[in-house]
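Just below sit the structures, each encoded as structure tokens.
Next come two complexes built around chain A: one with chain B, the other with chain C.
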Partner chain A sequence: MANGYAGKILKVDLTTKTIGEIPTSQYEQWGGGHGMGSAIFWDLCEDPTVDGTDPKNVVTIMAGPLSGTLASGAAGRTEVQGIGLQSMPRGWFTRSNFGGRFSTHLKYAGWDGIVILGKSDKQVWLNIVDGKVTLEDATSLWGLDTHATQQKIWASVLGAPPAGNWDTLGTTRDSGRSTQRPAVLSAGPNAEKFGPWASLVHDGGNGAGQGGFGGVFASKNLKAVSVLGTGGIEVADPNALMQARTWLMGYAVAGNWDNQGKNVAGNWPLPANPGTASSFPKGTALRPQGCAGCVRMCRCRSDKIMGNDSMCVDFFTTAGATPEVTVVWTDLMQKLGLNAFNLVGLFPWLRGLVAEGAIGKGKAIDSSLPFEQMTSVAFGVDLMNSIVNQTDIGKDLALGLWQCAQKWGRLDKDLATGMLPLQEWGYVHHYDGRTEAEWGYGCLLGDRDINEHDFNWICYWTPTIWAAYGMTPLVTAQRMAEIMSKQMIPYSDEPNLIDYSDAGIYSETMAKTTAWHRHYTRYYKQALGFCDWNWADFVNPYGPDFVGATSIGEPKFFNAVTGKNQTFAEGMEIGRKIWNLDRAVWILQGRTRDMEVFSDYMYDVAATAKTPGIPYEMPYTMPVFENGAWSYKSVAGRKLDRQKVEDFKTLFFKLEGWDTKTGWPTRKTLEDLGLKNVADKLQGAGKLGAA
Partner chain B sequence: MMACSLVHHGQVNYSLSRIQITQNSFAAFPNDISMAMCRQCPFPACVEVCPTGACHVDTANGNVRTVDEAKCIGCERCVAACPFTPSRAIWNGADKHAQKCDLCADTPFWNEKGGPGGKQACATVCAMKAISFTKDVPVQGADTGYNVDLGSTSKVWQGFGFNVG
Partner chain C sequence: MALKKVGREEALRFTRVVESDELRLPGSQIAAGAGGVFVTFGSLAEVEAFLVPTTPEEILASGMQGRLNHLDPPSLAMWVRDMIGDSELADALDEVVASGRAFGLLVPEMKELLAERLAQCEAVLAEE
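== the complex of A and B ==
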């Protein structure tokens, strides 16, 4: 059927070693990606309260209808879900995703996703070549890094190292040919030893970094998944898809080569995020590179190999490290399969401990690491190896940052000052909820650091860079607010959705912004795969009157591929449904409203972009609506008010149709979303929200 | 690759694409990406070896070298004869015929005029303007004639601050 779907989802039971199929049609209402993953997890996970290392954990690796197509920024992403190992006080049902070419090959192999159940009695890797699916011995791969693992698997699948020619997969001349290398997703060496830190890496540096999914894989005795597809995916309206593609190129440098200087603030929408390109040593020859189907090309390939496919935070481990040092660290981080964000949070903590005299040879926290040269190659290499091999302080660090701090008796103290920058749920502070409120709230009311920059690019970075460099804003704050309100269906009648003033961040309007963000990201970004580096496209210098592609572009691509006639509003409603389903899982896992508090530093320490010492943050200038007028204003120095955050939560719960006492969805809310079965299960567990 | 297969076959399918791009994340730029497009050879071996005239020079479409699928008997001599690796003439195992780049002369799934005088899907969708149609025949017999480093010769790319070696 020409609708962008392959038609079946692969189901692998590692315990029984059985390979099965789930018809995609059973889950098509959820879109793809995260929507399907959550619904499948709901159906197949017997007990979501188990630890992430329990064989009952269900892992989904999902593509969507747009994967492998020309839908820019959506074609290349793959969504991974399951009970994670990273968050505290417990591993929430969580998500990560990664780019590259994995979901493309999965679709071309004939699969819309992979569901992994159980635990293998032997170390294995999953080998998918079109419809042929086998479990292979991974004993010789288990201790290898992610890059070596992938290259060994390439040779295994193709019968020899790739030679750049047509390979025939199968035994007949028509059984499928390809020039491509298999797309492989791998955990690091012996990832069970550093599970909460362990990422999954595809190609050079496409990482499902947060959540500890490398550790989850290892707990199942699964090292890697390899997929090679020689088939194809029929598209409902190929001409419309081509037109959509060229239309969207008009919103990027891709379609504006003679006018490339027009960028909002030196960041968007250039190829290869300048922060990435400038992370390489001077004299390195680079090309921009992108995931399958993208028009943005946010990464690089270098003539030094190190740093290939990595980008942004992969390179921002700590301030003060030169590019010559950084690329070595980045390369090793990807090979070892370590969560880049954990490293970003670790360095300010270590610096603080050193300054206190609390860590070092013979100190309270005894360590032989060379703290006197923290920006040297040797320090980063030794630090990362200590975590992977559980030596020196790595033995405790490997437990997870929160767990380590708890073991060292420093958790409460260091969260109170922000010296250990875990903003919520044990996840490293990425952007500041004291200033960029929708970011903080989205993390707090969800399961992890959101890593969704939809508002961040436009409402934080853009005005901040304008202010910091004395640039004339391309759009006024009022115009920005007008543009974005119109796009934020179904809340378009609200004019103040991006009011980040001291009052605005606790308002019902901010509750709507936060809700919009959760719903949009659940569907468009995580279920359909629209990439965070390309979408949402709110304000765009190439758009008519600076209006970006969002609310028009997403349905344009979806409908061209699937043949449906889905509106943006309908997609947002599916996102609300997915969000409510996820909420139900967290509730079964034990979530209560009183758990949803930020670390103490968020309430007690002023936001200065120095506390915590996240290396890329700059003091926050954001749009505010005060005294009847819009402006861009510095909101640095703010702290959150505990009671006001609680009151905000009440507003948010009310808006979402959840019990304001508990934060649990009500039966009406769930049934209106077609989730009666979810309401029944919550009721059975005594956790259904009261009306 | 996606655009090529899409406009010719109505599906996205790397294996049906008449332009092949292979990537190796573990190789150093510029060897991390290999681009294999048909060179529309002045003396096309694929046309010469075809026993039925399926692979032919299409004089109605600017002399593009292309395969008349109805005449193809599936001998794959064109695939073997192509002097380049991977072969630019490719085998369509689903529909059982050879096919090759026709400069989009025949794209039933795209409402644009193709062929040498028209648009090519690959060039249209390329976000980096890396692909273009040229009538200046580059040096044959090696890759050197086609390794045009658009990066270092492009003001735009240099304007991004890229060191291109």
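== the complex of A and C ==
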């Protein structure tokens, strides 16, 4: 069918070894990706209160309608969901996401997603070649790293070694051969033993890091999923899709070649100018690399075959080591299938423990790791191997950062000071909820560090760089607020949506901003697969009057591919529906309003360096509306007020149509969204919000 | 700016590492994608290596991998004077700071001054 969907979802029961399928049309109202994943989890997980390692946990690996098409910055992501192992005080139903070519191959093989149920009695990997799906013995793969696993599977599917030529897999020319290696998603060696750290890795370094899904795979005796597709995806209106791409070029550097030199690059910089190049040692030969269908190419592959496909925090961006060191760490981290964010949070904690004299040879936390050389290759290698092999402090760290701190008797103390930087739910502090309010609230009212840079890029990072270099901003704070309010449908009548002032972060307008962000990302990013580093495009140097592509671009691509006539507002409403469904799962898992609090340091410690005598604030310039006027202002050094955060939650719950006492959705809210069955189930569990 | 030559004793003092956490110079290393962390410096060499001359266009064009290594320039001058004990370098840094320009525009000059002093010290110490 020519609508971007493959038409069926693969359903694999590992307990019974049954391979089945679900018609995609049954879940099409949810868009794809996360929306379909949440709806399938709701329908098939008989008990969401179980732990992530329980066979009853249901894992979904979903593509979307734009996967495998030429939709710009929206074709290469894959969404993973299920009950995770990382968050505390319990593993919430959660999500992760990775790039590369997996979702493309899944679609080309004829599948919109994979649902994994049960637990295999033997170690297996899932082999998908077009419509042929088999479970294969993984005994010999179980102790292998993610790269070695993929190489073995490539050889197994194509015959060893893959020749790089046409491989004949079927009987017809156009649907039976490929030059591609299978796209493999693999857990690390014996990942069941370090589950809260265990990521899933595809190709060199596309990782679903957060959530511990490598550990969930291993708990099901599933090592990897391999998919090779030789077909294609029909889109409804190829001409409209190509026109959408041409239209978007107007917002990109490449489409404005003679008009460069603007003081912000926007979301569409030149391809083949990968930002990750700075993470490699000088002199490394690099070529750009991107997800399937991407026009940005933000990653690299190197002549040293080190750090390939990795990006961002994968390069231990804040560990203080040189590129020569970090590229070795990065490569090992990807091979071992470790979550980069946990490692990045671990470093400052270890530094604090060393400074206190609490860790080291013969110390309270006894360890033989070379703490005097924390920025050396050896330290990082020893540290990661200790976690994966459960030796030295790795025995305790493998339990998870929160759990380890608890075992060492350090949890309350180190969360109070922020030395252990876990902002909420045991997830490592990423962007600061004390300053970037919508980020912090999004994490707190959800399940994980959101890792969504929509506001972060244009409201924090760009103004901060402008200020650090004394530049005249591309747009005034007032103009930024005007532009973004217009795009933030359905809150376009609200002018103060990006007010990050001391008062603004607790306001009803910030509740709207937070809600908009939750709904936007649930649908456009996590269900349809629009990439976090291209979308949302709010302010753009090449857009008309600096207005970016968001709110026009997303439906333009979606409608061209699917043939639908969906408005941006209709998509936002689907995002709200998905967000409410996720909320219902968390409530069934035990979520209550009083659990939704940040770690103590967020309320009690200002976001400033603590060096006595030399006060210092990290630059954090954001738009504020104070005394009747907009400006860009440093909002660093702020603490949160406990009562005001609670008052904010009340405003937010009211806005969402949830019971303000419990944070549980009401029947009316759910029924208005077409979720009567969800309301019934919550009522049955005694967890429906009071009207 | 040309700094006066230093003797061996000064070279040893200016190149030493301040070990005490309380006496180290704070700064931050911020990455667009990954967020920021506080860092501290115990020596001129560490500060010199940390300061990276770049342009805002370059940082923003790097997308999520864009980085800003930041410290407070007046605090650097004060730290060099009080903790490292190099008043001539501190005066020179104060002069750069007095221009009133934004942090990023001061980086090349601050780095150059630190590099000049470190090269002097290295040469003196290599003579022995």
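One rule holds for everything that comes next: the second predicted complex is superposed on the first by the 652 of 691 C-alpha atoms of A that agree within 3 Å, B and C clash if a C-alpha of one lies under 4 Å from a C-alpha of the other, contacts with A are read in each partner's own complex, and residues count from 1 in each chain.
Throughout what follows, contacts are C-beta pairs under 8 Å (C-beta built on N, C-alpha and C of every residue); 3 or more make two chains touch, one makes a residue touch a chain.
What you are looking at is a predicted structure, and each value in this text was computed from that prediction instead of being measured.
Asks: Once the shared chain is lined up, is A:S278 touching chain B (first), chain C (second), both, or neither of them?
Replies: After superposing on A, A:S278 lies in contact with both chain B and chain C.
Asks: Of chain B and chain C, which one touches more of chain A's residues?
Replies: Here the partner covering more residues of chain A is B.
Asks: Name the contact category of A:W457: first (chain B only), second (chain C only), both, or neither.
Replies: The answer is second: A:W457 touches chain C but not chain B.
Asks: Report for A:M242: first if it touches chain B alone, second if chain C alone, otherwise both or neither.
Replies: In the superposed model, A:M242 contacts chain B only, not chain C.
Asks: Is A:C312 contacted by the first partner chain B, the second partner chain C, both or neither?
Replies: The answer is second: A:C312 touches chain C but not chain B.
Asks: I'd like to check the shared interface: which positions of chain A are touched by both chain B and chain C across the two complexes?
Replies: 253, 261, 270, 274, 277-278, 296
Asks: Tell me, which parts of chain A touch chain B in their complex?
Replies: 2, 68-70, 72, 75, 101, 104, 108, 147, 150-151, 162, 164-166, 173-181, 203-205, 229-235, 238-239, 241-242, 245-246, 249, 252-254, 257, 260-261, 270-272, 274, 277-278, 280, 282-290, 292-297, 301-305, 308-309
Asks: Hey, which residues of chain C end up touching chain A in the complex?
Replies: Checking each residue of chain C against chain A gives 21-22, 24-40, 55-57, 59-68, 70-72, 75, 78-79, 101-105.
Asks: Can you name the residues of chain B that touch chain A in the complex?
Replies: Spelled out, the residues of chain B in touch with chain A are 2-3, 5-7, 9-16, 20, 22-30, 32-34, 36, 76, 85-87, 90-91, 93-94, 96, 109-112, 121, 124-125, 127-129, 151, 156, 159-165.
Asks: Write out the stretch or stretches of chain A touching chain C in their complex.
Replies: That would be residues 253, 261, 263-265, 269-270, 273-279, 296, 298, 311-313, 315, 317-318, 320, 344, 348, 355, 429-432, 453, 457, 461-462, 464-471, 533, 609-616, 618-619 of chain A.
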